[in-house]
Amino acid sequence: MRTHSVEVIRIATKSPGDVSGLMQLVESGRLAPASILAVLGKTEGNGGVNDFTREYAVSALCHALAPHLGITPPAVEERIAFVMSGGTEGVLSPHLTVFARTSANDNGTVDGKRLSIGIAQTRDFLPEELGRSAQIDETVKAVHAAMLDAGIADPQDVHFVQIKCPLVTSERVEAALARGAKPVTASAYGSMGYSRGASALGVALALGEIKSASEEQVLKDWGLFSSVASTSAGIELMHNVVIVMGNSVSSASPYLIGHAVMRDAIDLAAVRAAFESAGLTDGAVQDKLVNVFAKAEASPDGAVRAFRHTMLEDSDIGSTRHARAAVGGLIAGVAGCGAVYVSGGAEHQGPAGGGPIAVIARA
Amino acid sequence: MRTHSVEVIRIATKSPGDVSGLMQLVESGRLAPASILAVLGKTEGNGGVNDFTREYAVSALCHALAPHLGITPPAVEERIAFVMSGGTEGVLSPHLTVFARTSANDNGTVDGKRLSIGIAQTRDFLPEELGRSAQIDETVKAVHAAMLDAGIADPQDVHFVQIKCPLVTSERVEAALARGAKPVTASAYGSMGYSRGASALGVALALGEIKSASEEQVLKDWGLFSSVASTSAGIELMHNVVIVMGNSVSSASPYLIGHAVMRDAIDLAAVRAAFESAGLTDGAVQDKLVNVFAKAEASPDGAVRAFRHTMLEDSDIGSTRHARAAVGGLIAGVAGCGAVYVSGGAEHQGPAGGGPIAVIARA
Amino acid sequence: MRTHSVEVIRIATKSPGDVSGLMQLVESGRLAPASILAVLGKTEGNGGVNDFTREYAVSALCHALAPHLGITPPAVEERIAFVMSGGTEGVLSPHLTVFARTSANDNGTVDGKRLSIGIAQTRDFLPEELGRSAQIDETVKAVHAAMLDAGIADPQDVHFVQIKCPLVTSERVEAALARGAKPVTASAYGSMGYSRGASALGVALALGEIKSASEEQVLKDWGLFSSVASTSAGIELMHNVVIVMGNSVSSASPYLIGHAVMRDAIDLAAVRAAFESAGLTDGAVQDKLVNVFAKAEASPDGAVRAFRHTMLEDSDIGSTRHARAAVGGLIAGVAGCGAVYVSGGAEHQGPAGGGPIAVIARA
Amino acid sequence: MRTHSVEVIRIATKSPGDVSGLMQLVESGRLAPASILAVLGKTEGNGGVNDFTREYAVSALCHALAPHLGITPPAVEERIAFVMSGGTEGVLSPHLTVFARTSANDNGTVDGKRLSIGIAQTRDFLPEELGRSAQIDETVKAVHAAMLDAGIADPQDVHFVQIKCPLVTSERVEAALARGAKPVTASAYGSMGYSRGASALGVALALGEIKSASEEQVLKDWGLFSSVASTSAGIELMHNVVIVMGNSVSSASPYLIGHAVMRDAIDLAAVRAAFESAGLTDGAVQDKLVNVFAKAEASPDGAVRAFRHTMLEDSDIGSTRHARAAVGGLIAGVAGCGAVYVSGGAEHQGPAGGGPIAVIARA
């Protein structure tokens, strides 16, 4: 019995503050604002600490949607899961992907499993819980809750888990220390990696990809990873927001999702496998592709298939910018289009130097 | 009757000044220094105006080879054609490709056309001739001379033409003005584009790729281009050095060369075609690939297949760095290796936003 | 007869979207929103083409002030002159300077000329008028109108003229060409310099600093410049907004303004002279300084007092970032504080390589 | 009894490989190559991990001087202390400062203490000794030896101590671990800070600036620092080279040296004090200044005199580049010239956010 449908719309943007494409869809009636569950975006900042294009984009979207939802801009930000990834290096093209969920009657015209999305969130964390067991364990529960929300029972049907997670700030660190608690790191930047890593391990545990993960292994044991987790840390929340994407018989969506794992940054075979897992062979890509979601990083051992790379020693360009540009070039070559979601920072998301890649396509 | 052979060796480097790999080959007797015709290298600078890794690498090579050749370092620089391309963004890996030519007796074991290389140079140019008809016309003659040197008669057998060309400096501009002559631009940086563009048009004319090219069309009419030219400007010379690479029955080389043209920066089909033109299908790449030579640039119209790119508006990272990273990622994906020669700045070298790509492989 | 007063408040910001400091002043009643004439800000972007912190800051301010002014955010942007300068390199510190004007009765306690501000604007320009005589001439008129608005009759009393001016976009260029008109350049980036330069020459003419300026001299004859002009181009308007700052007997403001001209980027004597012109000697700076407004640029001849600088050849960091960092370091040293307004791009604003510097201090 | 003299010559360079200025002095007989003790240079790289302009400059100098000294280039590098600091941001101008020492008979025309230089070196360190007590203790001894060499008995007469110190590499770390020893950090980049910091503490101890320093305080207790130490780490050596500069009655040099300590990056008063300590008042700077030597860094607490700076959060430009640009702008303003030696990375060299500044001037 199909109970709902999922719509996925990719919208090109002209700048981080450009909401015209989304508003056109809303004002024309093509997209009901109340149905929007999540927005994943690529913005043209540097993707680093001082990338303000992410919060600018979210601010613009909240101000634009607020009157249509009859709530304030801050309430929009609480209601919809916004995940903005900065950095459109090389051929990558700034865009938004809007995920909307509507109820649906099964009219019998849809067969097989279809794209389904579920959302859940953890309780708020204390600063000292980030990057540690509490964050791992609560993430496990939230992934299970989001799977339930998506109508997905089998972990094999989960193909992408996007998580927004918190980071520590100097104020939060001080508050923790005042209580006699010690956060895993006092550095805001450093805590982002811990939070992303612990969240990814939570996904891996929830889906049975690994048997166990202790907090000592976070950012240490790179053999532990999830093949479908994509996590990003943000200053605006103290809990994890979990978005599970997979295929389900309860969905009447016209779309499918599949995935693969790139073992390194030049793993063309894995990119092809991801496209094929969503039913896309060479000829069909242009007609049926909706979007690609991938994580990229500079291999921490300084080499790709034994050839030295220079991403980690470049004092002019951060390694995440290098990695997005290169992996973006490869994926865009297969996708035939640069408006793909390639995000940097892949701790415990795929093997070291590699990362997960998911593809959504018209069935 | 095969009269010579061409050896091509790719050597990974640990830094711009690292000559240890080359010296090991020389000292072990594997490579006769006197046979070295040309060295094409990728160095880990920014590829921009203040990239000193190129001249540092050439200086290190000249100092290292001089005692083996019994000449001074400056004489080495005149004898061997060094072409260093700065910028190993993303997965690109610093390396040298050494081209050596030896005489050979045809022992009958080789069949078909094989890799052959020829070199020629133009007369010295006056500063005001750069980017203008004189440079175009003299390049035509030099390409023909280099083809003759390579034993290649049919333009169809030419697959890559690497040119080093001059640029103007403020001193050269002043000298010209004092004679009442006016260079095409007074900007050193700007003159590099003109010199590269005119040289590429000379290649296109020499090979019959275009029927005519006037100096008014340089950097204006992007419909005119060569599919095999790769040109780079350097301050150290006032003439063009032309290196023609192709296949010839006069060569007993164990290698073949082929090429294709990328119509844009994500033209995966063209990359594959280039590999296939050198006899490489998917399975054979790892065993037989020697190296790839390609030019990359940010599409000047600001879009790749109708999707906006941000390379030209990024005030933090130059567009050539973006382009090399993205195209390098794509080519490395097919090559299975980041030690490929991807160079930026492709005026009249392939269509706007695209560029030529040549592949050398073991036959 | 003193008819009005001018308040100037410098507010530190925590990020480009931080309006908390300004809102605190508004909500505490210390600052009447309706009295705000202009806001000049330094934001922590790169100051280049892809610096979105400027528009983000303006957007945040408009959204925050709109309910207090009872108008829409776009109406706030039309009512208040927002000038955001991106780039807080080195010790420069992000902040806003709010200028407010209130009517005042002369209670006789104020003597001498005091800080006064006037605003005016030109008619809308056609794209082909930018950088040309029309823009110069209309700017002259607007400067005179703004002086009148400020109650300043003598050009000697004008110490800083901030201008916001338009630029061309590809759409605007196409529209012009369709009418048979040809803009001075088709490049958006290039048109910014032309628009800034023509506007600065308009200031110089209006104040009698130069006798004449033809459109052929824009960006050519660097001997023509204004010692008090500070111009910046923005995409959001098609006319010039002119803010004149000077001293006037009609103002009861507690502040004074003075200025000097830096002849190059290391002109410490000029910085000191500017402080002294506002009544600030070494001992008084800390107590009385309100803010400093200066323009900086890399000397176009590649040298500062005969010593080569490398700002123009650095392909990793734009020359405007270098210049702001260096001049900001010098001015902050004298000011004892990094929250000073140092802006890049000084065409016809001060001599080549130098720039105007104005100081506002408590009388 | 004056036994020797010290010559100091500042030479502008046209590029990192430019040795023409130095060679002109050598070939004209103005400078005896055998008298050269040390060369401190500013090169136009990024000053970061991938700044190859430093080793390129040293390589060029060694190749140029070798025939004049009758030794090989590597032997030149062992004989002369080369300290290259990358990064000429803002108005900083690339140059070399050559220090030469000759014997001299006291002809009675010189009075007072004059510039003297002494050099010494420690034993080689094991990788695990870097950043620890052994490095601190051995540096103390070497500073004392260099003072003796310089003929300086009173620590008050020491005004600048330049140190070159080692760093760990992955090979060195592995070798240490194989012996059961654990280096203070496994990161090459990280070890540079430890090595610089321990070396600076050694200077502070040797000169009695602090009473004690344990290895636990390295990079932790920022209250411990030297006011005259300037240390830089390089991969090419395993011992510390110590260059002590001060004033001595045994020197007949025409120069004097003085110093001060900048307490933060905008400490103009300290810059002036340093100039005055070398006998330079405003009027005399242009005639008598030889060069300035200073260290700069971004204040680790994120603020300069309570105003937030953005140097540590800029993912596009490294904080050392920001700091050099700003401090260089300030010092150049006082010096009237950008060819000053401002170097980044000031662990335990001056207070946090500040740094030592020494001035050499004609007596």
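The letters A, B, C and D name the chains in turn, as written, and every chain counts its residues from 1.
One rule holds for everything that comes next: a residue touches a chain if its C-beta (ideal position, glycine included) is under 8 Å from a C-beta of that chain, and two chains touch if they have at least 3 such contacts.
Small disclaimer: the values here were computed from a predicted structure and weren't measured.
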| message | Once the contact rule is applied, which chains count as partners of both chain B and chain C? | response | A, D
| Farthest chain (mean CA position) relative to chain A | D
| query | When C-D is set beside A-D, which has more C-beta pairs in contact? | reply | C-D
| note | CA centroids of chain C and chain D: separation to the nearest Å works out as 40
| query | When the C-alpha atoms of chain A and chain D are each averaged to a single point, how far apart are the two points in Å? | reply | 47
| remark: Touching at least 2 other chains, the residues of chain A are 44, 46, 50, 310, 313-314, 316
| field | Complex contacts: residues of chain B adjacent to chain C | value | 46-51, 310, 313-316, 318
| note | Contacts from chain C onto chain A in the complex sit at residues 15-17, 44-45, 50, 52-53, 55-56, 59-60, 63, 316
| query | Which bits of chain D are touching chain C when the two form their complex? | reply | 12, 14, 44, 46, 88-95, 265-268, 271, 304-305, 307-311, 313-314, 316-317, 321-323, 325-330, 332-334, 336-339
